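When the chains are written out, they are named A, B and C in that same order, and each has its own residue count from 1.
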């Protein structure tokens, strides 16, 4: 609650939304100015007005919503299966020294094989299909997630485990009450990293597989030289990511890490 | 029956870097009667915390035995509650969640849990903070919570590992007075590890003075100071100073013999 | 000491054993099920492909092209992003203004720029290097900014009260102080850059490991695909172990500062 006497504009300027969106205003203005001065040829660089008109056109023809929902469906399947595989695997590898010994070198290696390098072989296996794209996104999410969970379990102070044990908690209870919440911050950052990679993999896959989706839309537009549509695609991707981050990932972190006063590293950019 | 009995405790471990065998505890025997407050005091690095960790079941001894209320210790258990130096509170649980943790593990019903929690929170002066998270409490309050959490579980022995070492001097005195008051009221059996001579004398019925590594029991000093105690009066008693000086001398003698040893044997 | 050597050998064996097991399972499964090569190659096929690629010099040409692009892109990114990040971080106003922009850009960086990069710079080296640079720049700049902001104020005051000038401040205080975060940024950025490289090479060039993958996919040469994937993985591990890990050890860990989780 702000003081009732404060002017409306000042209250608006102080709000979180304004502070986040504010910086984009001069950037868009600069962009407009550059386009208007025609410093770059219009075939390579168009202003926000043209992009906006393009948006209108694509919305009207229903192309953008269609592609958008295609992209989101793929991302959703990828994330879903990525979490379903990554979470249990991560806790298994983190908790069992044997599982860890057996899989750790492999995990490091498969993490190193850039996800996008899987696309060609996946296309050979599954053709240009949803399965191929999902496979790659799952791959991108699982490895960072597993590595983060293992790191998170290692970061749980051993004293907390000892405290729980000395109050009569069984190993299962220790896992549920101590290990899981204690590693949550790291799990959250793992999900974030994984999504960041998954998002990029999705765009790359859509460009390469090329049937539909925002990535496809952008590359298709590039082929016919429609700069406005390429710009629009990038902006849509950016806004989507921002929304995903602000609506889903940030609230989760807020509810856990901040509330518990755990040492929180200011989120490194993912 | 003795609440806690330690016999010929011996602990060696392999230094992971030099691959040498290190004797942490030479030969330690003593016991704690029910409702007695016993402190273990020794030069830093003498292995007093190792003794506590063995009693708690976190570490296994090389030889010797530890029995609590007649049963040999095997791993950690709710009969031995531990108050840690850095509190070890669960950051994701509220004050209430922390206090009721042990009861929940034992399957105590919710209403009863909360009644017990309220009682012990009142005992340590944390009533009204039930729904705060640990990071919202001061260091002193956090350690009170650590004590309440253990007492609520009604262990046979409360093990305290230098619980006030990381707390500022003034608060520490308050906490020591609170602890001695709680002890007076409830008479739990306490096994207290510290390197602070004043603290040991002020709180204890007996002080076990250990030698440097490999540690042995140097002497067990009975503290015959009247209870209830508080710093204002107890700290001024001639007997308090006498005991304190005596233990300080014991520790210093050990230091000197250590140095002499080091000179004689420059390996 | 011999015990230490024994330990070392043991850990190497433990590291290699899972790979041996994986190769064995692979060989047995392919032999038992008889999947055709155009779906999944036998281990020996991949080895043969590696040998052929090495003998013909093709492998070195691809690896060389990829490494050159990563190197140029990375150097450009470091040279541009570090001063930018430090300059922004040193001023609370600038950093408050630019932080959301940078975060936004990090989310977009790399692959999403491929269409526009190829439009601006054409298919070829330029576009690929641009993608690598772009993927690293934002992650590095943003993390540098965070790192500078995280330097304890007393440290800055101490330096200033000893009469440190602007240039020396950059080299002696701001940059080393931000280093844990910079190293994190470098790791993340290089990760994005490497993936961006592969994607861009698949799409936009006629040389490099990504292109080798693309070409092999057209002809269903799964042996070459897998061989290239192995090379990509090994190269990344080598970069990580020989470049990033020692950098972290020598600076962040040596100085007792903890690095951010990456």
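Here is the rule we go by: a contact is a pair of C-beta atoms (placed from the backbone, for glycine too) under 8 Å apart; a residue touches a chain by one contact, two chains touch by 3 or more.
By chain, with names taken from UniProt: A = ABC transporter permease; B = ABC transporter ATP-binding protein.
These figures come from a predicted structure and were not determined experimentally.
Contact analysis places A-C first among chain pairs (by count of C-beta pairs in contact). Farthest chain from chain C, judged by C-alpha centroids: B. With centres set at the average Cα position, the gap from chain A (ABC transporter permease) to chain B is 48 Å.
For the pair chain A (ABC transporter permease) and chain C, the distance between mean C-alpha positions equals 18 Å.
Interface residues of chain A (ABC transporter permease), counted against chain C in their complex, comprise 19-24, 27, 44, 101-106, 108-110, 112-121, 123-125, 148, 151, 186, 189, 193, 196-197, 199-201, 203-204, 207-208, 215, 218-219, 221-222, 225, 227, 230-231, 233-234, 237-238, 241-242, 245, 265-266, 268-270. Residues 14-19, 21-22, 38-39, 96-98, 100-108, 110-116, 118-120, 138-139, 142-143, 146, 150, 181, 184-185, 188, 191-192, 194-196, 198-199, 202-203, 209-210, 213-214, 216-217, 220, 222, 225-226, 228-230, 232-234, 236-237, 240, 260-262 of chain C touch chain A (ABC transporter permease) in their complex. By the touch criterion given at the top, residues 157, 159-160, 162-170, 173, 177-178, 181-182, 184, 256, 259-262 of chain A (ABC transporter permease) touch chain B in their complex.
Within the complex, the chain B residues that touch chain A (ABC transporter permease) are 56-58, 75-78, 80-82, 84, 86, 88-92, 101-102, 105-106, 133-136, 149-150, 153, 159.
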